[in-house]
Structure formats: C-alpha cells, structure tokens
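For reference, the structure discussed in these notes is given below.
All chains are identified by letter, namely A, B, C and D, in their written order; residue positions are counted from 1 within each chain.
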Amino acid sequence: MTSLANTYPSQVDHAAHSSGALRISLRSAIIGVSGYAGGELARLLLRHPRFSESVPHFFSRSVEKQSEHEVTLSDLHPNLSANEQPDHAVLPFDWQRIDDAGIELMFLATPHEQSRNLVPDALARGIRVIDLSGAWRLKDAANRTVYRLTDSDPQRAAELQTHAVYGSPELHRQEIAEAQLVANPGCYATSIILALAPLVRSGLVDLQRGVICDSKSGVSGAGKAPTSKTHFMYAADNLSAYSVFGHRHTGELLEQLNLRSDQIQFTPHLLPIPRGILSTIYLRFIERVESSTIESILREFYRESPMVRIRKSPQLPQIQHIAGTNYCDIGFELGKDGRTLVLVSCLDNLLKGAAGQAVQNMNLMYGWDETEGLL
Amino acid sequence: MTSLANTYPSQVDHAAHSSGALRISLRSAIIGVSGYAGGELARLLLRHPRFSESVPHFFSRSVEKQSEHEVTLSDLHPNLSANEQPDHAVLPFDWQRIDDAGIELMFLATPHEQSRNLVPDALARGIRVIDLSGAWRLKDAANRTVYRLTDSDPQRAAELQTHAVYGSPELHRQEIAEAQLVANPGCYATSIILALAPLVRSGLVDLQRGVICDSKSGVSGAGKAPTSKTHFMYAADNLSAYSVFGHRHTGELLEQLNLRSDQIQFTPHLLPIPRGILSTIYLRFIERVESSTIESILREFYRESPMVRIRKSPQLPQIQHIAGTNYCDIGFELGKDGRTLVLVSCLDNLLKGAAGQAVQNMNLMYGWDETEGLL
Amino acid sequence: MTSLANTYPSQVDHAAHSSGALRISLRSAIIGVSGYAGGELARLLLRHPRFSESVPHFFSRSVEKQSEHEVTLSDLHPNLSANEQPDHAVLPFDWQRIDDAGIELMFLATPHEQSRNLVPDALARGIRVIDLSGAWRLKDAANRTVYRLTDSDPQRAAELQTHAVYGSPELHRQEIAEAQLVANPGCYATSIILALAPLVRSGLVDLQRGVICDSKSGVSGAGKAPTSKTHFMYAADNLSAYSVFGHRHTGELLEQLNLRSDQIQFTPHLLPIPRGILSTIYLRFIERVESSTIESILREFYRESPMVRIRKSPQLPQIQHIAGTNYCDIGFELGKDGRTLVLVSCLDNLLKGAAGQAVQNMNLMYGWDETEGLL
Amino acid sequence: MTSLANTYPSQVDHAAHSSGALRISLRSAIIGVSGYAGGELARLLLRHPRFSESVPHFFSRSVEKQSEHEVTLSDLHPNLSANEQPDHAVLPFDWQRIDDAGIELMFLATPHEQSRNLVPDALARGIRVIDLSGAWRLKDAANRTVYRLTDSDPQRAAELQTHAVYGSPELHRQEIAEAQLVANPGCYATSIILALAPLVRSGLVDLQRGVICDSKSGVSGAGKAPTSKTHFMYAADNLSAYSVFGHRHTGELLEQLNLRSDQIQFTPHLLPIPRGILSTIYLRFIERVESSTIESILREFYRESPMVRIRKSPQLPQIQHIAGTNYCDIGFELGKDGRTLVLVSCLDNLLKGAAGQAVQNMNLMYGWDETEGLL
C-alpha cells in the first residue's frame, strides 16, 4: 500500500490528533444527502464535536430537478431545521465545487453505480472516501456481479479495489485508520458478521452443517424512492420474505467470515417498522460447549469495541434497545444439548448499519475516539 | 326524471325482487379494479349472495402495461386468490368488451377525469352506473372546479349531472333506488355528513358560529400510487394535517348539509394506519339542550338505517370498532353548558367510505336488502 | 371409540345434513367470549348461515367482576354491536345455564387449566366440545407437562385424551367429523405443520440435519391481558425473539409431524402488528429434487383442502394476503443446489390459527361444507 | 420571594457559570427513573456535557418489588446499557440516601400525589426541584382539584405553590433561572400554550368565539403501566378521543393563557404511535389580518427561544419533524377571509413535553446555555 500512501498523505488527522484540539477544520462533503442515510449522516456530523466550526458541504442529485430557488437541508429533512441558525445549502454535485471547497473527506451516500464512478476521481484528487454503497465492499469480482457495475478504467478500479478497506471497525480497525477508501458495510451484513465472526473464528462451529441467518429489517433499508413495496399499504401490518437465496449482502458474509456459499444461508424479511434490523442466526457446534464459553468468546472478541454490546444469556437484544443508537447488540441461547445455538443480533440499519458506522470509521481515520459524536 | 326513466328501464331488479330468488344474473363490471376501492369492491361482490352465479367482469388500465400473459384478479390482489377455483381475468377496459358482455351495471373505481368521461357513454347504453370518484357528486359547478374536469359534451354532462344521485343511502334512499347514475360519496364527506345531517336539520345548531370538522384518515385514502406521501417512511410514526381550507370533499359538505362555506370548516389529517376515518366535530347549539334530546334526534334520524350505529353518550366510537365493516358509528359528548357539542364519527374509508357504500347503493338500486353482502 | 359413540350420539348434524336445510337450530355456547379468539368466534358464528336462527350462548368469567347491569357482547366487543337488533347477553359460566339451554356444542376459548377441567363434565353430558386451548392437544404426557395441568380424575382424563382429535382439518378430516372432543391446534403449530406435513411425509427431507422454523406472530397471539409485553410501547417499532428452545407449541410439531425433538427447532418472534403469523422454514432434501416436484407434493396433499393455498414458486405468501381470512398460504423457494429449501407459511392467528379453524372443525363435525361461514 | 431565596441559595450555578468550565459536579437525582419520562431524563443527563463527571443518582419505587440482586439502569432501560462502563444502580427512594449523597437538584418523575408529598421535604433541605408531574403546575386550587391531591401541611403547601414556577422556558425564562421549584408543564399543554400564547397576547384573537384545540398524542403519554388502553391491540390501527371536556391539562391552558373555561376547548386523542403530539388549533381573529403579520408575531415572540421553530406558511409541522428532539414546531394557515386561522403545533411528548423541557429548565436554573445537551 506504499504507493497509495505516498499519493494520498493524510496529514489532517495526525495533526488534529496530536494537538488534541476538539475543534478542527476538516473540509468534508456528503454526496447524496437527500436519502435516509445521507440525512442521518448530516444530522450526526452537524452535532459531532469535531465539526462545531466546519459544517460539511451537502450535495444531492435530487436538487437539480428542483425549482430555481436554493434548496436547503431543511427542505430535504425538516427535522434538521433550526430557527435562528442559517440553513445549509444543498447543491447539485459537481467536481468543480468539490475542488473549490478543498474537500478532504467525501461521504458517498449515492447509488452503487454512482459510487463506483466517483471513487477513482476522488482518490486521484487525494480525497479520502467513505462509501456507504455496495460498490467497493467486495474483493471477489464474482461476488460483485450482483451489482452490475461497470468501470471506465477496469485496471485502475481493480487496483483501487484491493486497497479498499471493508469498514467494519470491529474487524478492521487498523486498516481503516490508514485507509483512503473505506467501503462502509451493508446493514444486514453488519448484523450477521458481528454476531458470527467471533464464533466462526473460534473454530467451534460446525460449518459442514451450515449456518442459517433469518434477518428482518425496517423499511428505511429499502430506500427513499416511492415504490409499490415501500408504499405504506404494502409494508404496514405485513411481513414478507424477499431475495431468498439472492440478497446482495451475501457476498459480504462470505468474504468477511471466510465461508463458502454452501456454508451460510441468508433470508431477509421486510418489517413494518421504520428502522432496525434483527437477525436470528442458527448454528451447531462441533462438540458440546458451555454457555459461559460462548459468552467469553464474544466478550473477549469485543473487549476493545465500545459499539458492540453483549447480552447476558438468556437475555436477548430487541430492536427497541438499539433504535436511534450506533450499537450492535448480540445475545444468544444455547440448547440443552450444548451444541445448538440461537444467536440474536440487532442494530439500527441507518446508524450502525450505515451513517453511524460511517462516522465511526471517520473517527478512526482521523485518530479521534471511536465513539465521538455517536453516544 | 321521466325521460331518463323511459330510456333506462331497470327490469332486472324488479324481477329479482318480486321473485325473491337469491340467485340472479346481473351482468356487472368493475372498472379500475386494481386500486384499493376496486379490490374491496371485487372482494365484496365475490361473496355477495346475489352474485353466487354471476361473477362481475373486471377491468383495469394498469393491465395494459403488463406483460403478455393474462392478468388475473389474484395477481392484483393476492388476498383474493382461491386454490381450487378458476381465477378471474382482468382486462384492459374497452367498450366493445362491455357491449359483448351485455353489462347492465358498471362500478367506476376510476380517476375523476376518467369517470367524467365514461359516464355519458355508459348511460347512453342503458347501463346503470355507480361512480366511486368525485366526478359526479357536486351539483354546483363552482364546487366542482377543484376537480378540473372537462366534458366533451358540456350540455349533456350538465343534464346528466342534474339526474345524478348523491349515493348516501341514509339521505337519499328513494332516489338511489331509481337512479341510473349514483355518485358514491367521498369518504371524509360521509363521516361528516352522517354525523351532522340530523343535527343541522333539527335547526338547533348555531350555524352563525360555524362548525369545525377535524378529520383523520388512514393511508389507503391516499390511493395506491407510490408517492413521497404514501411512502411508509413518511406516514409511519407520523401525523400531518393537509389540504387545510382546500380539501375537495368540502363541496359535498356544503351541498348535502345546505351550508355556506363560512359555516363549516374541514381539516383532514393523515393517520399512520391502513384504513379508517375518525372525524371530531365541534359545534354550538343556539340554546341549551339535553344530551337525551341529541341522542333522540340521532336515533330517530337513523331509525331505518341499519348501517349507522349511534353510541350512548359518553361512549364514543373508535376506528377499531368499524374497521372492516360498512358501519358508520356516531357518538357525542355535550358540555356542561348544554350548548357545546363534540361529535365523533367513524367509518372504514374503503367500505362505508367507498366500496361498501357502493354495494349498499347497488342493493337499493336492485331492490335487495340494504345490508345484503355487507354484514 | 364405540363406547363413546354410543354415549354421545350426534343426531343433529346428520339430520341437518340430510335435510340440506340452511337453517338449523344447533344449540351452542362459547365459553370465554371476552378474549380475542372468543370475540372472533362470536363474530364468525353470528354471520354463519347455519346460525341465522340460533344465536350461540355467550359466557365469560370476566363478566362476574363487572357491575350489576347485564353485560352484552357489544360491551366486550364494540365492533359487534348492531343498531336495531337486540344485543346478546354475556353471562358468567355455570353448568346449570348450559343444561337449561340444552347446549349441544361448546366452544372453549378458556385458559388451558380451565379447558382441562371443563371438558370431562361437558363430554359426560353428551356435549361435543371444540377446545381452543392447549389442554387437550398433546397425546404424550411428557409433552403436556409444559402446561402444568392437573386432572381431578386422571384416569378418565387419560382415556378422554386418547379420544381427543387434533383439530387440523387438513390432517384429520375424518376423525374430526366423528369427534366428541376436538383439540383446536395452536396458531404457530398450524402454520408450521401445514407447511411441513406434505414434505416430511414424502420422505424426501433430511431429518438428520434438522428443520429450522423461524416464526413471527402479531400481538393478538399474546392474549388480551395487559402485561408489560403487550404494552403498545413494548411491541410497537420492535421485534423480539422469545421462548427460544421452549415454546409450548413444540410438542404439537413433534406429535403431528412424527419427529424427534432434535429434528426440529422452533423460535417465535413478536411482530409489531395486530394479527398474522409468518413462518420461515429451512430444510434440506436427502437428494436433489425439482421445484416442480415440491409444488406437486404440496398441491396433491391439499387437493381437497380449500383453506390451504399453494403459491407458485418463487411467489411467497405475506401476512397481508391472509389477514382476516381463514386461509393458510404456503410458498417456497428451492436453492440452486436442488436440496436447500426455504418454505414460507402464513395464516391469521385468530382465524386459521384459532376461531376460524374452530368453525372449520364445527362444519366438519356437523357434515356441512368445510368453508361455510368462512369465505 | 426573598425569604425563599435566603433559605435556598443557589451558589452552584453561578460558580459554574462564571468559571465557564464544562465539567461541574452538580449532585442530582432522578426519582421515578423506571417510567418513560424518567428513562429519557436519564438518557439526556448521561450524555449532557455538564454531567460527564457527575452521574445522577437514580431512584425508583418499582425497585423495591424486585428480587434481591441490585437493580441497574440497564435492567429498566436496556437501551441505556453500555458494554465497558460500570452500570448504574437504581435504588428505592429514601431521604437518608438523598442526604448522604448531598443531592442539590431533584428531578421528580413520580406520580402526582408522590410529587406533592416529596416537594416540601426537598425544599426544606435546600434541594432545588424540577417536578414533571402535574402536582405543582396550577396556581388556582379549583383547577387543581382534578388531581385529588392532599397536603399534610396545607398552609405550607399553599405558600410553596405561590413560589412554584411553571416551567415553560419560553414564557418564564427569568423566574425559572431563580426558582427553587419548577413545575414542568404538561405535554399537551406545552404544545397548545406555545402555539397560542403569542397570538392571544397580541389581542387579535376573538376570544368570545372561543378557541378549539384538537390534540393527538402517541401512547407513551399514557404511561408505562399496562392497562387495557395501553395494550397494543387497543392502540394499534386505532384512533380514539378521550377525556372530552375533562382533561387535566385544561387548567394549565386557562392559567397560562389567562382564559376563561368558556373561551377554550381541548379534546385529546390517542394516536397509534409511540411518541409525539400534534395539536390542531382553530381560532378566529377579531378583524382581518395578513398571514405575514401572524408570522411576525410568532417569530418575534420566539426570537430568543431556540427550541421553538416557526414554519413558513403554508408549511405545517408534522410529528416526524420533532420526534426525538426537544423542539416545538409551529405552523399555520390563514383562511381566505383573513380571519379564520388553523394553527398546528408539534412536539415530542417525552422531550419538549417532559424530560427535554426539564433539562432545558435545569440549564436555565444553573445559568448554562438553554440548549445544552438537547441538540
């Protein structure tokens, strides 16, 4: 990674870190601020202690379609308006504007294809990127085909892909700190990977038998576009399974947990709630284990990870416990046979599953406390 | 109305009526079956005792856009599928198909403009029509401007308009029985008119002071088109007022209650539930009255109206009491001053506020029991 | 079963059946009408064509605590009130009242212990019983221990238990027709058993590997008693797993599917909706099968079962498709390996999972069409 | 107020204020931390910048009933748990514990009667109190009768009542800063008073005609006790009016807006959402006014009030805009007659309507920025 490191020095964070000053002037931008993840990112950064004197720049494609008058953040997200403060302009995205503003860090809350295209140009400018789309998460091109991405310069894209860091702070804290490109994980994938990683790595799980992940997500995960499936009348008072055997986050599970596709199965469901994911995970151990052993493995794995909370069995996490927070809560119950395990993992898909995890990654990239602006 | 009566004889119903036979063969069609009201209408007719041997014909514009294979009712409304029965085809609307099938009764669950256009042609064919849109509800052209309707033959449309019957069985039972064109009332309007009509007609209400109607409706009232306002994320965990001073149902209130626009005020709100309307209505009496007098007025007015239920004060109706039924429930509480009244009226916007009331109107038009297929 | 048959002849149904008359005068009673299942049962029977001239008698323990004035069905279930009809009294349960009324059929919507106690006395009187509790569902006393039941006459209870018929019409249609005591199945159990029975019986399922059932239910399944877990603030915007490895319906799965406890695993979840169950079921086939084979097995199994609807893969049932109906909808998707199957099963826990199935059983017991009063 | 001021000097705040230090060591306690308002208060204080080194003490009556092991904040509110930090004990309330801890500020999130009893003892100890109950809000004893309070020392209670400050920062900022006892306003009352105060004080409103307030609140307003009305099955998919003509918050409207009971009418409704209040308010002006005049009056009134946001007509606030925030949003629409006004006011009943407003009051009492810990 030396060549990239040379190309994109990251003085900002080290300076900020060494000085210990709360107020820095990181010039950042959110691209795609009109969506749910973009809106949450704006909300988090506007109240982040490091940003008290450096408001991010906001961009959105949806702005171009709007009327002549200036579009503001309050227009897109009325909850973010403030009475006495000047409102924040949202502009159509344009590299000239990025260059003029001297942006150092870009959050991409853009569609997959758009992220795939923006990243090479951003990195070429020495801008660090946290991409919330699925465009750069998968190392294996075969896994990536589900996104139907096309690269204008495939060779360079392939090289950048090898340097992209999967933005799971609990698994890749060090690489994230130094990364130029962080691929923020999928919401479902985060809930499953954080629950399974400690156990799969322990070698205790019977992978031959396979792991089954039954996940349920609130509607914000489906995005802001009005469709027949995001209509209130479709989602309310309902539950439906979808993308059985074919959800895009499956590749993340395989790569991050180092599993073959016949070793893990993932079925998402659409819950009639605005936000939150609960994954119920079924696995078998190779041999009998104690409940206390499982708890030790989980606690040890997350000893330095303040954003993962382990519940004491048989307590199990629920969506309400984590809604509006950046926590991932994990609990479990072990069968009387000592081999059958039910794991339950919960997170807020817009926070730990998207904007919150992005801020956590930013904190790591700039040497700040991992939880800053997130508690 | 003699000329119209001559033109469109309605032998079918009289025959059915006199014979008393449960099974008739009324040839009916639902135009616009893909929407919520159309779907409910299909559900009600398919289980209506008079339709056990004469399934309606189903039409929808949305079908034209679909793929080559035949579209069925189950495709549009999976809840209406049946295992062993043949499914029902849904076809693109076409007068030739209507003529070939010898349709005698058409339900229009179509947009306002479309209903405005279809009605003259249907009546010219001798087909009786129950129109669920707002196109034919308003006698006063000034009130009708909110619908921005255009007529190809304005003179004929104006004449038909005078013969159109406002389809409120409780107010116009006789005219409906003989009508060729029934304009099925608006959902909000029904909830308000049924609560107010007895009291306004009693002459006790201080109309000078004005009546305030604060109404709240479930999301199905906003229609099936996916829009930013019918998105689950917009409607869920929310409440919002809209169309303040400008809702289209206001004209129905004025005409049916015989009020001036400065005597009644109506504000709708969007509730985070699939279906149901609750209207809270505030008025003052000219002089002190007793609670028992109000109850008598209401009960007397609806003595022959099985689909209106009067609650005993201080019991008040709630949306759950009427969801899934064709009832309109009315309750009230009188202030200690004997002059200030709070009326509460509830109905299911898709049933008593749309498809159920349409079936009730059909029952009247064909001389059947008003509640048939509705309990 | 000869002795029982002698003791409790069932002339009523045969007479009704042979005459073909729609109107019969079956003297029935619902015990426990104040709960959700009891209320739905009352609603279904009041509009059942066979009951147009013989309203059931209603009983409830909750009535005893009420004030001096007579309690009516409308007091307990305001949705069931009617304007012009006389309301129905709800009385405290009392064998004398049952005897005086000459009750022939009792529906027990009572707690498990109460059902366990009432059944022997009812049968001794020659009254046929449909019990909606879990008291009589399980043949194996070991499975039954979870209900902590005590019998005043254990020997007689054990004998009656052997004659009790598990009220799944699709599995035990013949026995139900002749039964004196029908144990109406659990809601979760029904959703899982109906999906699995055809496949398990086919011998194709790898039972060694085990079947995993991840079920999600609306809140009505938790009963009407206000508790911390039925509080709106607990259930709304939430999802939680509960009774992992220990739900009472597990015994029904084992007995009806003829499985060992290490062959099936069942985890229920509480959904933030009023009603409906969706079960996602994971299994493996012993060897590769075709999707069309699975569909054939399911369709063949339910060929004569009008209340089970098989979806065409990859269409899957959703809770909205069955809410308010007595259908159980079953769909599936087969993995590319031809061995991994995801089955999805949906039903309304208060109808096919309780009151609707009870009526279906009654229809069978009296020789009426299985779907009467249920479509 | 001199005598009280002598008795209860408030050095703490002035010291903190003058030093400008972020970290202070205010010794505070929350009594009644198990409820919804108590839980939100704990959440807000635990992340309040002034409390980074002085965690509040937590008390709850519910703890006494619990098992022998120590009850923690996480047990009561699992969302507030943290992995690596020590959890916070919740103890049964006891004056000895208050004295030992040297508590300087008490938040009472207790039932009305309990608050009425605790306050005199707290003030006698020199402890400042913010009471979230209704016990001390009403100056007029006649208005207070709805709470059925009894005082052990009525004379002293009456004296304390005169010194109690109604904790609406926007109306009583100065008095709150110096108060020993702040009576935190009711949630409905706050939403109505903040919308009406500027207009009523302007003298433009036709009070003769009366003001009508139609309010709708989420279920958390009904408290944590499981009752038939807080059952999910009662509240979900429903809307109901309650306490028509008799809600306890009416007295606050009369006193704070200086109105007679025949000049304002207030009807609350129960919304099927966890949190948030929307009040739709109907009034008439004495003479024709301009929309811009109304906006100016509102903006001017709240010029120094950062927690009230005025929407630009015809934009109206919605519950989603304020859920999870301490803002009260106000918008309006003026009829074409220039005299009929519809005001819409929204707030989060647990924040601006309870715990958030309590923190805002605390900030004022200790000379901190009004919004600290609330943005």
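Just so we're on the same page, a contact is a pair of C-beta atoms (placed from the backbone, for glycine too) under 8 Å apart; a residue touches a chain by one contact, two chains touch by 3 or more.
If you're wondering where the values come from, they're calculated on a predicted model, not measured in any experiment.
Asker: So, comparing C-alpha centroids, which chain is the farthest one from subunit C?
Answerer: D
Asker: Count the C-beta contact pairs for A-D and for B-D, then tell me which is higher.
Answerer: B-D
Asker: Rounded to the nearest whole Å, what is the centre-to-centre distance of subunit A and subunit D, using the mean of the C-alpha atoms as each centre?
Answerer: 36
Asker: If you average the CA atoms of subunit B and of subunit D, how many Å lie between those two points?
Answerer: So the centroids are 43 Å from each other.
Asker: Give the residues of subunit A that touch two or more other chains, as numbers and ranges in rising order.
Answerer: Residues 234, 236-237, 272-274, 318, 320, 323 of subunit A each touch two or more of the other chains.
Asker: Quick check on the complex: what are the subunit A residues that touch subunit D?
Answerer: 47, 78-79, 81-84, 237, 302-303, 305-306, 308-310, 315, 317-318, 320-325, 375
Asker: Across the complex, what residues on subunit A touch subunit C?
Answerer: Residues of subunit A touching subunit C: 209, 212, 214, 216, 234, 236-242, 244-245, 262, 265, 267, 269, 271-274, 276, 278, 280, 282, 314, 316, 318-320, 323, 333, 335-337, 340, 342, 344.
Asker: For the complex, which residues does subunit A have touching subunit B?
Answerer: So the residues of subunit A in touch with subunit B come to 36, 219-220, 224, 226-228, 230-237, 272-274.
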